[in-house]
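Next come two complexes, and both contain subunit A; in the first it sits with subunit B, in the second with subunit C.
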Partner chain A sequence: MRKFLGPIVLNVFAWTTILAVAFPLFWMLVTSVKPQSELFRRPPTMMPEVWTFEHYWHLLTQTNFLVYFRNSVMLSTVTTLLVVTVATLGAYSLVRFRYRGRESLAFMVLFTYLLPSVVLIIPLYLMLVSLGLSNTLFSLVIAYTTFALPYALWLMRSFMAGVPDDLEYAAMVDGASRMGAFVDVILPQLLPGIISTALFTFILSWNEYLYALVLVNSDDARPLTTGVMNMLISSFNIEWSLLMAASVMMSVPLIIVFAFLQSYLTRGFGAGAVKG
Partner chain B sequence: MTTLTQTPLERRYARLGLLLIAPTVLIFCAVIIYPLVSALYLSLFKVFTPTLESSWVGLANYRELLASGMFWSALVNTLVWTAGTLTLQIVLGIGMALVLHQNIWFRSLARSLILFPYFISTVVAVLVWKWVFNDLYGILNHLLMQAGITNMPVDYLGSMPNAMISVILVGAWKYFPFVVIAVLARLQTIPEPLYEAARIDGAGPIARFFDVTLPQLRDVLVVIIMLRAIWDFKEFDLIWLLTGGGPSSSTETLPIVVYRQAFALNQMGMAAAWAVSMMAILLVFMIVYIRKTRDKGAV
Partner chain C sequence: MANVDFRTVVKSFGTFTALHGLDLSIKSGEFVALLGPSGCGKTTTLRMLAGLEFPTSGDIIIGDRRVNDLPPGERDIAMVFQSYALYPHMTVAENIAYPLKKRGVPKAERGPMVAKTAEMLHLTALLDRKPKQLSGGQQQRVALGRALIRDPKVFLLDEPLSNLDAKLRSQLRAELIELHRRLGRTMVYVTHDQLEAMTMADRIAIMEGGNLQQFAPPAEVYARPANRFVAGFIGTPGMTLMDGMLVQSGNGWAFETEGLRLRLPRLIDSAKPGAAAFGIRPEDVHLGSGDLTGEVVLTEATGHETIVTVAIAPGVRVIARIPGTPALRIGDRVPVTLDAARAHVFAAGPQGARLNHPSGTADADEAFNIATPLRVASKGVLS
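Moving on, here comes the complex of A and B:
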């Protein structure tokens, strides 16, 4: 009897907690497909009585959402490409080469990885304003490298350390140059690590708020985070359904990653965050 | 490590290594080192943000800052937030990791659901929670009133101590998955014979947790706690978006003061002084963390 009941109790307990944790996300989805009139019903309906996608339609056609979305896609893509390229080369150098100052560089990477944005933001703001770059997506790319590059380097370093030395040497014995060996032997081995670093960097940039808040003040260059937040602040009547629809849409890239590439996320966790 | 480069080939490799790290170093200097140094320098000036007019004041910003009660109350707020949310994250994180380590139904779905809050944007998390917390139509007030726990709608974000508690809870909800994944990965490497030995010695589940699991998790927990402490200490988005530091600065943490000084009160020099002071406190955590990882040979 105990053998039979134990797992059931455990499962019921486990799933109650898990669903409680996930409830706000469920509630976001439900709210986004309820008609405005149903939203203010008491008691609230757990599942929408009438399903509607009018809020999504409204969001896409009558707000700046698509502009923000495009900005976010461009911003995150450019940042990711730049950062992952630089970090891959940098990590290769930090792990596989011997030169003076290498140890202090590695230390600096870790230090900057932990650095708070609010310390950098004031001088960065002054710098970008004096360069005439404020209110551009490019200024955000520059600002985002301050946190994305240390992060990507830190991840790539530990992925690089996981690629066995012998492969590289074997290729060089066969006559490949050092960079030839890097491209032919190391890069393929490193690919899963590169993918997971790219995913993390992309998500990090996609979700960034503070720099976007300070550096960009025009709708043309505003990414989703500050753009959607503005919809909350500037509206006289808060339209919760619309905001929930925006939240869902904003999480779409993440949902895609979760559905298809989740193993890369877990791998990144293991490599970067808690290697101890 | 061996001695530095000697042979021509090794010297050529060293040069290649430097070439490969060069972009990183250049970017670091331009967007991190230079701003850091100028933050220090800026903190010695009085700067009016809109015109960027500045005058040298030496250490006056720091004197004013330390003399004002605001610094200490912001520091206390930061520590309360950090300690509160960190404790919850660790406890919930270990608990959930133990649950997910068991053979429960739909385990990978469960793991995805738990992981999701960590990866969504803080903006999304805040919007959703603001709606859940809504005083008139929020689901939370409705559920609490239906369950008879309260008969008045609770004001979650507009009064104290509710605002601080709410911020801490949302922070725990958003960041505990990090602990779950890190602990879960370590749990899977604990050798089964340790548990068998404990079982033979007559240890129950609770004794096994304290005598086997916890000591095995010790190292990874130290690292997690340090990392999360640093990240929670410098958290801006979540608190700023949920309460804006209110009601009347009672959830105003150090990062929020820095932002307000610079961009709402238009005192860049003063803001830089706040930022540097905050950095000084954070440096203690950072050095401990870096020491810890270095001992382990990770750096």
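Moving on, here comes the complex of A and C:
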């Protein structure tokens, strides 16, 4: 009896957890395709009686949703590229070169990551204003880079440390320059690390709300998070159906990106590189 | 082909000096093994030759070029790493072709060259595989192929066989000897395995603590170790070494240690009485006759020979190598002869210099008749 009870309890627990996590997503999806009349019906309908895409259509044609979406895509892409580039080269320096203060530098970088972002927001805002960058997408790129980079650097540092020195030396003996060895041999080994770092940065930039709220207040430069909030949530009313449709469209790119890249994350690229 | 010269090369890492003024001249086409325990400086030497480390002072010459400041790619060398260092994202063919690609050899020419190298190393069937799909021995061959394809002036091999099992190691050892004979290229081979150094090298450079201890052909290193370190390092089982005092005895010399007095062949002129070490190889210790009696404390039979450890005085043990499997048991008392003409005497200290003339030379023969080895006996009985 006990033999069966264990797995049953475990399964019930696991499925409860999954349902608890998945239900809001399911409800978001269902609500976004329900007509307005069905939204607040009691008892609620689990599946919509009539399917409608009018909320999506409304968002795409009669609001600034596409502008915000474009802003978010640009913002997250540029931030990701910048962070991945700097983190990869920075990690290379921290792992491969010997210089005074190397370790303390790495810890200092990590320490900045431990600071609550709220502490940095006012100084950063003042700095961006004085640089004449306030209210631009670029100001958000800079802000997101400042708090994504420390963690990204640590992530890349650990991946870089896992690439054997000998691979680079072998490439150099074979005739490659240091940069050539980096591009030909090191970068391919770092691919899983680069993808993890890129995913982390992209998701962080895509979902960020606080800095976007403080640093940007024109519709031209608003990303999805603050744009949708500003458009659909007021003191008097929340446009639930539009909000759910917007949420679905905000989640879809992330889900697609993650689905494509997650297999890279687990693939053992380094296996068989060196023996010993 | 090219000669390689190290001229008073010093290498320091911060306050630690890994190499104290190395002078080493490797002839063109020679197979030289750098041999020594971990941390002796052999790998640092090789890495400096490769251009992966730069000397603190001194010069490194390949051919007639001073290469101190040249990057690895411009030294015309090839290197096989202990870890093989195969590029995991490339196929075997791409790995082997990489040095050609980096040197701008057109793609059309690379194919036939890769095919030829692969054939030489029996890799033809594996060209499309990735390194992780290969066995250790196959990976090692790919690493060799990558070094061979370019026909460099000097081959550097950094413990290339140490990750392989014993059988494969002996097979690849033979293949490397054959390869060197066929190519006639200068090869510098780092190893901590004396068997590899003894069987493969034309000359062995034995290193310890960042200093070159001896640079000589294998037979000489074995028969005439330059100092106590080399004597203890070379040979399996190792030479029996005992510490004691060198004393003048009549017009000759004797060595005294706990309960023993040994008469010695003539020593070099600069020898002085005082602390010294006496060494004798297992094959120069004979059991079954002699004035000395010892007690068997250990026997290790390997089939074709037996290694016997005998206590000849309190605290003094010698190791003897006996052919076959003699009927000896632990505790047996046996007569022992030490072939003193073939003994070695060193100054005190871990790297004490050799004090006796090399056995087999005119000097040694004159002093000693090897056919009637000196009997060694307990103190006071015979001297």
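Rule of thumb we're sticking to: the second predicted complex is superposed on the first by the 242 of 276 C-alpha atoms of A that agree within 3 Å, B and C clash if a C-alpha of one lies under 4 Å from a C-alpha of the other, contacts with A are read in each partner's own complex, and residues count from 1 in each chain.
Quick note on the criterion: contacts are C-beta pairs under 8 Å (C-beta built on N, C-alpha and C of every residue); 3 or more make two chains touch, one makes a residue touch a chain.
What you see is a predicted model; the values in this text were computed from it and never measured.
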Which partner chains sit in contact with A:Pro24 here, subunit B, subunit C, both or neither? Use first/second/both/neither.
first
In the three-chain superposition, say which chain, subunit B or subunit C, touches more residues of subunit A.
B
So in the superposed three-chain picture, is A:Val185 touching just subunit B, just subunit C, both, or none of them (first/second/both/neither)?
second
State whether A:Trp15 touches subunit B only (first), subunit C only (second), both chains, or neither.
first
Examine A:Leu232 and indicate which partner it touches, taking first as subunit B and second as subunit C; both and neither are also allowed.
first
Which partner does A:Thr77 contact after superposing on A: first (subunit B), second (subunit C), both, neither?
neither
Check the residue A:Asn135 against both partner chains and state whether it touches subunit B (first), subunit C (second), both, or neither.
neither
Is A:Thr63 contacted by the first partner subunit B, the second partner subunit C, both or neither?
neither
Contact-wise, after the overlay, does A:Val118 reach subunit B, subunit C, both or neither (first, second, both, neither)?
first
Which positions of subunit A sit in both the subunit B and the subunit C interface?
269-270, 273-276
Which of the residues in subunit A come into contact with subunit B in the complex?
7, 10-11, 13-15, 17-19, 21-22, 24-25, 27-28, 31, 39-40, 42-44, 86-87, 89-90, 92-94, 96-100, 102-103, 105-108, 110-112, 114-127, 129, 142-143, 145-146, 149-150, 153, 158, 178-179, 203, 206-207, 209-210, 214, 224-225, 228-229, 232, 240, 243-244, 246-247, 250-251, 254, 257-258, 262, 265-266, 269-270, 273-276
Residue ranges of subunit A in contact with subunit C within the complex:
164, 166-167, 169-177, 180, 184-185, 188-189, 269-276
Show which residues of subunit C lie in contact with subunit A when the two form their complex.
50-52, 71-73, 77-79, 81-89, 98-99, 102-103, 130-134, 136, 139, 146, 163
Help me check something: in the complex, which residues belonging to subunit B touch subunit A?
1-2, 4-5, 10, 13-14, 16-18, 20-21, 23-25, 27-28, 31-32, 34-36, 38-39, 42, 52, 96, 99-100, 102-105, 110, 112-117, 119-125, 127-132, 134, 136-137, 139, 142, 146, 173, 178, 181-182, 185-186, 219-220, 222-224, 227, 230, 233-234, 236-237, 241, 255, 258-259, 262-263, 268, 271-272, 275-276, 278-279, 282, 286, 289-290, 292-293, 296, 298-299
